[in-house]
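Heads up, the next two complexes both have chain A, just with different partners, chain B and then chain C.
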Partner chain A sequence: MDRKIKWLLVILAGAFVFWFLYGQDKAKKTTTVNNNDSLKTSKQPQVTPKPDTLSQSERVSSSQPDSEVQSQSVDEKLEQWLVQIQDRRYSEDPTVEVSSLAMEFESCGNNNNDWLFTDKEPNEKQLQIKNLMDKHCKQLSADYPLLGNKENHPGLQIILHQFSTSTALGDYLQANQFATGGRLHTLEFSKGLLPLALKEKNAQMINMAEWISSFHIKNRLFEEQLIKGEHYEYLRSIQSIALTGLSCEFQDGITCSPSSRFMQDKCFDEEKFCGLDFKQWYQQAVSPGMDADIQILKTYFQGLVQP
Partner chain B sequence: MRSKHWIVLTLIFMMVLLYLWQQQPPQFKNQKVNTVIFQSKDETQQAVTKDAQKVDTKATEPVIEITETPNPKGNNNDQERTYLQVYRDLQLAGECNKFYFNNHQYKGNYDYTAELTQAYRSLNKTDDLPPATQLDALEQFVQSCLDLKRAVFARADIPELFPDYQFAYPVTFELRKELNKTKPETPEGKHLAGAIKHSGQWVQLFNQMIDAATGKKKHSSSIIKMMREEAQVIRDEISILYQANPVDGEQIALLQQQINDLYLKMEERQPASKEAVQQAKEAFLPTNALMEKNLRAPYPDSFTEIIKNLQLKSQYDLRIGAISSPDYWAIYLKKYIPWHLPPSHHIMQQSPTTDTDHFNLLIESASMLYLCYLGADCGPNSVLVRKYCLNPQANFQNNYPNACGKTLIDFYTENYLTPNQWKDVSSLFDIMVNMYGS
Partner chain C sequence: MKKGLVMLLVVAILFWWWFYQPSATKKVKHTAPPNVVSFETTEPQVKKPEIQKKPARSKQSESSSEIATTIHISDKTIADSVLSYLDVYRMTRQFESCQNIIYRLMEDENFDPVVSFKSRTQHLQALYPDLPTPPQISAIKRHASQCEQLLNAVQLLDLPDLDTSNGKTYAPMYQLKLRLKQYLLLLKPKTQKEQAIEEVLNLIELWQVYYEQVLTVSKGEEESHKAEITVLKEQLSLLRKEQLEISRQYHENPDSVERDSLGEILKEIEKLEKQVIELKRVDPEIREQAIEAFEPVNDLLFAQLKSRDPDVFYEAQKTLELNKQIYRDFGHFPYKDHGGKKFKVPFVEYVSPGDVIKDIFGIDDNETFGLVINYATQLYHCELGADCGPEGNWTPFYCHLGYDNLVEAACQHDLPTFYRDYFLNQNQWQDVQMVLDIIRELYAN
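Take a look at the complex of A and B:
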């Protein structure tokens, strides 16, 4: 009898325990879930930072091919280039001249600008600007056949180091061409390029500094405390406008013409800007506050030029 | 041992268990589901430049906190929720979806801290962790999301873990149901209910107008369905071809072209009927006019609800955001309904810039200030500030850690806007007050 009572009590106790753990209102489990829902992670997030270098495939190849054959073709190419650039448009420094022409050719979209209209139909005014641009690019290709030649143009980087330099700007371009990590696309390169480009009064090189610095939304070519604001797109915009504005003063405003890269973009975004040059656009587009910020930047950039 | 001892021991054991059970914390704590700050509507307040007086839109009346005690099961003493409360919870739920345990994408494995850290490092090109204020803001926000979910589930008597979800967003679903059942009592609530109703009508009429302007689809829905199925069969073929060695690129390209042709065929339309277009336009215009008129009411939620439709913005994008840059949608609209001008167009006509990109850089801030002026919550934990501090809707991209812990006005004046930019923003703000302010 005692044994039966013992077993009965054990079973009752077990049933009570079971009820306590599992048989309550399910909502009460929120307390358990609350505890498990701990938002404080005890470990640091495991995030692998992206290396600040270009991948191997993106670096300019520095491998040395067969010296005999390649040396001959490189010399030939160099000779051809030097003949092409006899009449200088940007600089007496051959490195700077060739780099500037290459930058000018960038706005031609590698001879095919149809990609600009993949998702929209250009209207009449936009087509006019596109045609103007195509005409300019065709002329450029005609004047510099090697520029438009797909076999040669990519090879320009390979032979660029063969060109001589006669300016600090040329030296800088050469020094950074093959620097470790392919520095041509970095903010640091832009920061070094800009004062030299301004000093040499080279519109395309100023354009290049602006273009490269626009790759990342927080790239700044000026000190943080100069413009007391953080709006990323706004700061990028005023930097771009300030630099483009400075470039307008050189080489007859080639970087500010209606078919320039800057104004192409404006025209293709909004028809009303088609046919305007940079200064005309500026008068309509830039509000007073923005204008004041742009002037601050222009003054700062001009101050970077060392005598 | 005697049976008496067993009985006593068992009784003691059961009493201990009973005691422990009673010591558990309450199921639900009082939860602050939403905070509404009623700002003073001083109409002489206008944004001024930093050189002069700052805009002071901080509350001049006491902050009124509306707290919510979620309804535990079986509790008959419900505190009725207002229409505005439910609406704001619904907006919050939209932001919170990715943090919910049973979200169909993340299934509870979403490491939001890692995502924020990744975004911070990418933006700032650093290996550092985000600042503590930002991490705290994120934890606080996620907690508010989970609190909201628990409250909604409790009211709807849904089990917490909800293993067999019937739809992707149960919290939003339940809140929508609740909103439909809740009757607005206050003028602000009634106006908002009207705005939502008119917005629905507006969207319907707008779509009818676009359909009419672009011409009816040539093929019936059953034919289009067949074409979709055909496209899927071709896709399956392509998948098989990709597994071959070597891969027949040419054949794949041909098949891909067939899919493209099918989709073009699906979109074939008959010529638009001028009469149909005119009819649709005439049906649309009165509702459009009513929506524009309702923008003039001094209620920030209504304003946001209406503007996001008139501006054709995403329902989760609080930015009034001006005329979009000419992406496909804007060009599409201009082509078929060139006469339709969203509110931002009218604002831009009076603004000091004609460049849409520049206008877009200014109108967002001006719009946020206008919402604060109308009485929206612009405090440190508000939706508006969170958009800068965390930007959760955009996967934490391009956020502003300096916004965390600040009011919107403080963030704008101390960090975000340059002093010169503030002048331009102020002038747009003034235009909005003149245009829509009551």
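Take a look at the complex of A and C:
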């Protein structure tokens, strides 16, 4: 039970982070790489810039000194980001790439996973997983210095909307506000996100759809008639397992590794699962009827993908 | 002369019969543990349990005029003025599900069960916007009325006084609960069923003594490093005061407290507790002896799971599973406290009935196993003849008594129908049936 309260706290913290990233309805801006600006490398990101949807006058007025400084630093930071994400891990779409990295960073604990054990010490095996998470986050911070840089946060929201998109998934992420308003809002966001994430074969975005939909126990990403019953705990469980299982197929199973968000939870609940990946856990943990329901859901979710 | 001798013989036989006849009710074999002393210590050693049953009070019939002549217990109207052992047992069981209502009735003259329900389930409003529905409201009111009748009936009984020599004080509701249990101990079971219930309750009392003995030995003794442990405990006491103060300040004004300060104190407390435990000593031989003494009693209680009586099964299962929230974890309680980090050597050797079934079923995850085992165990209880109707042992928890999973259909159907047709889906029901087959195989064959 303690573990569930802690995850609730981190979900709320994550909600705050995502409100920062997506919460305000800012119009998309083009990513214009200024060739006169010094870039760290000569390699240009392979993006297709979207037309600027705002006229120059609608940008932050240069008559306001603070905003002008802010605008300049946004451009600089944008350039830095584009340099950092030159070697894509998830997508050629910069919006999707940065969002996926942010989700990956969130899953390893955001360089601050001590909260997992605020009131007790991890045992040896749990400590190993925690250390793996730390190591993962540190590596991400080293590869993407701006990711873990707290000073960037006030500006990251503006920066993110500067990124262009080249996929429907990217458009969706840019266009939709992250819902903090209630159950239906988070459900609708997840429902729209999931098929796009599956189509793009993006493990982190599938993970995000699962995570956000789990905020409310009654959130179902599938038709009610598909799997009946009022046992919401069971329904949420099979949904989570089905989506995690689907995400395992992409990006070398990063969302299913022993230090993934799903397996961290299992390890910190029961020591015997520390060090196992999702598939190994599944073989030990899922009963025949539950497996049948999970397969039904996986087929259904895959069927949501538009060609 | 001969007549005199015969008379003497008859008197001798009568005398022998009167003094030396064996007890008719004691079927439990008490195995006394060894009384081992390996060192001078004030810590409790493995000791012989002393359980004495008080003689039945003959005063019962004298007090019959004080007992209500009509008491509704599980729909049965007692016309007699004398309550049977089974009647009082049923009252103790009903008291469990009425506990919260009785507490409120005793504390609040204006108690309204529906208002109380709404307040208690505020957190569920988003999940169940129609809560409580009309059938739920009717069930809430009926249940409250039954609890009130129970309270009145219990208060009319000539209950024994509580033993307060231990210095403990209890809330009035809890005092009543304990006194009712004491009252049951004073009654003599007559029927076979009553005797079976008494037997398992006595066995449970014995089991708890032996179980506590294992826990006591497992905690470890402090004498060997008394001075150091005393210093650490003093430090712990100060830290705990500081923790309470920080919690209080946070409660009043979250901004007045540094974010990580509570976490740091808790970590410091845990560190010191660990040091205390490291200094404690457990004699492995004594511990082994305590476990060896516990095992035969544990086996006897496990054997009671094979009883065809639903009440005997209920009592044995509940005790062996060491659970607190019966309606959720009746079949398997994954958070059993065997001492964890507080004991020098936690009693991890203990295996509950749910653990046995989990092993047979082959599912290793407590969370996923929990999605089937409790329903299967409740259904087995129903098969033994338990009251599983809409106002029986289990469905009220899904209708209005529980803290989540409150479903209107539970107010109107028996448990198997509710589970099969409303609550569980088809594949989950199949898993529950698989586990139920395992339970039947273990206990009913």
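The definition used in the following text is that the second predicted complex is superposed on the first by the 227 of 307 C-alpha atoms of A that agree within 3 Å, B and C clash if a C-alpha of one lies under 4 Å from a C-alpha of the other, contacts with A are read in each partner's own complex, and residues count from 1 in each chain.
FYI, a contact is a pair of C-beta atoms (placed from the backbone, for glycine too) under 8 Å apart; a residue touches a chain by one contact, two chains touch by 3 or more.
Note that this is a predicted model, so its numbers are computed, not measured.
When the shared chain is aligned, no partner comes close enough to touch A:R88: not chain B, not chain C. By the touch criterion stated above, A:K135 is placed in contact with neither chain B nor chain C. Of the two partner chains, chain B and chain C are each touched by A:K272. When chain A is checked against chain B and against chain C, the one touching more of its residues turns out to be B. Residue contacts after overlaying the shared chain place A:M290 against chain B and chain C alike.
In the superposition on chain A, contact is made by A:H231 with both chain B and chain C.
Residues 1, 119-121, 216-218, 227-234, 237, 266, 269-270, 272-273, 281, 284-290, 292-293 of chain A contact both chain B in one complex and chain C in the other.
Put simply, chain B touches chain A in their complex at residues 2-3, 6-7, 10, 13-14, 17, 21, 24-25, 27-28, 72-73, 111, 113-114, 117-118, 121-127, 129, 139, 142-143, 146, 150, 154, 159-161, 325-328, 331, 351-358, 361-362, 365, 398, 400, 402, 415-425, 427. Of all residues in chain A, only 1-2, 5-6, 9-10, 12-13, 16-17, 20, 24-31, 33, 37, 39-41, 44-47, 49-50, 52, 119-121, 216-218, 227-234, 237, 266, 269-270, 272-273, 281, 284-290, 292-293, 296 touch chain B in the complex they form.
Across the complex, chain A meets chain C through its residues 1, 115, 118-121, 182-183, 216-218, 227-234, 237, 266, 269-270, 272-273, 281, 284-290, 292-293.
Only residues 126-127, 260, 262-263, 266-267, 270-271, 274, 335, 341, 361, 363-369, 371-372, 405, 407, 409, 422-431, 434 of chain C touch chain A when the two sit together in their complex.
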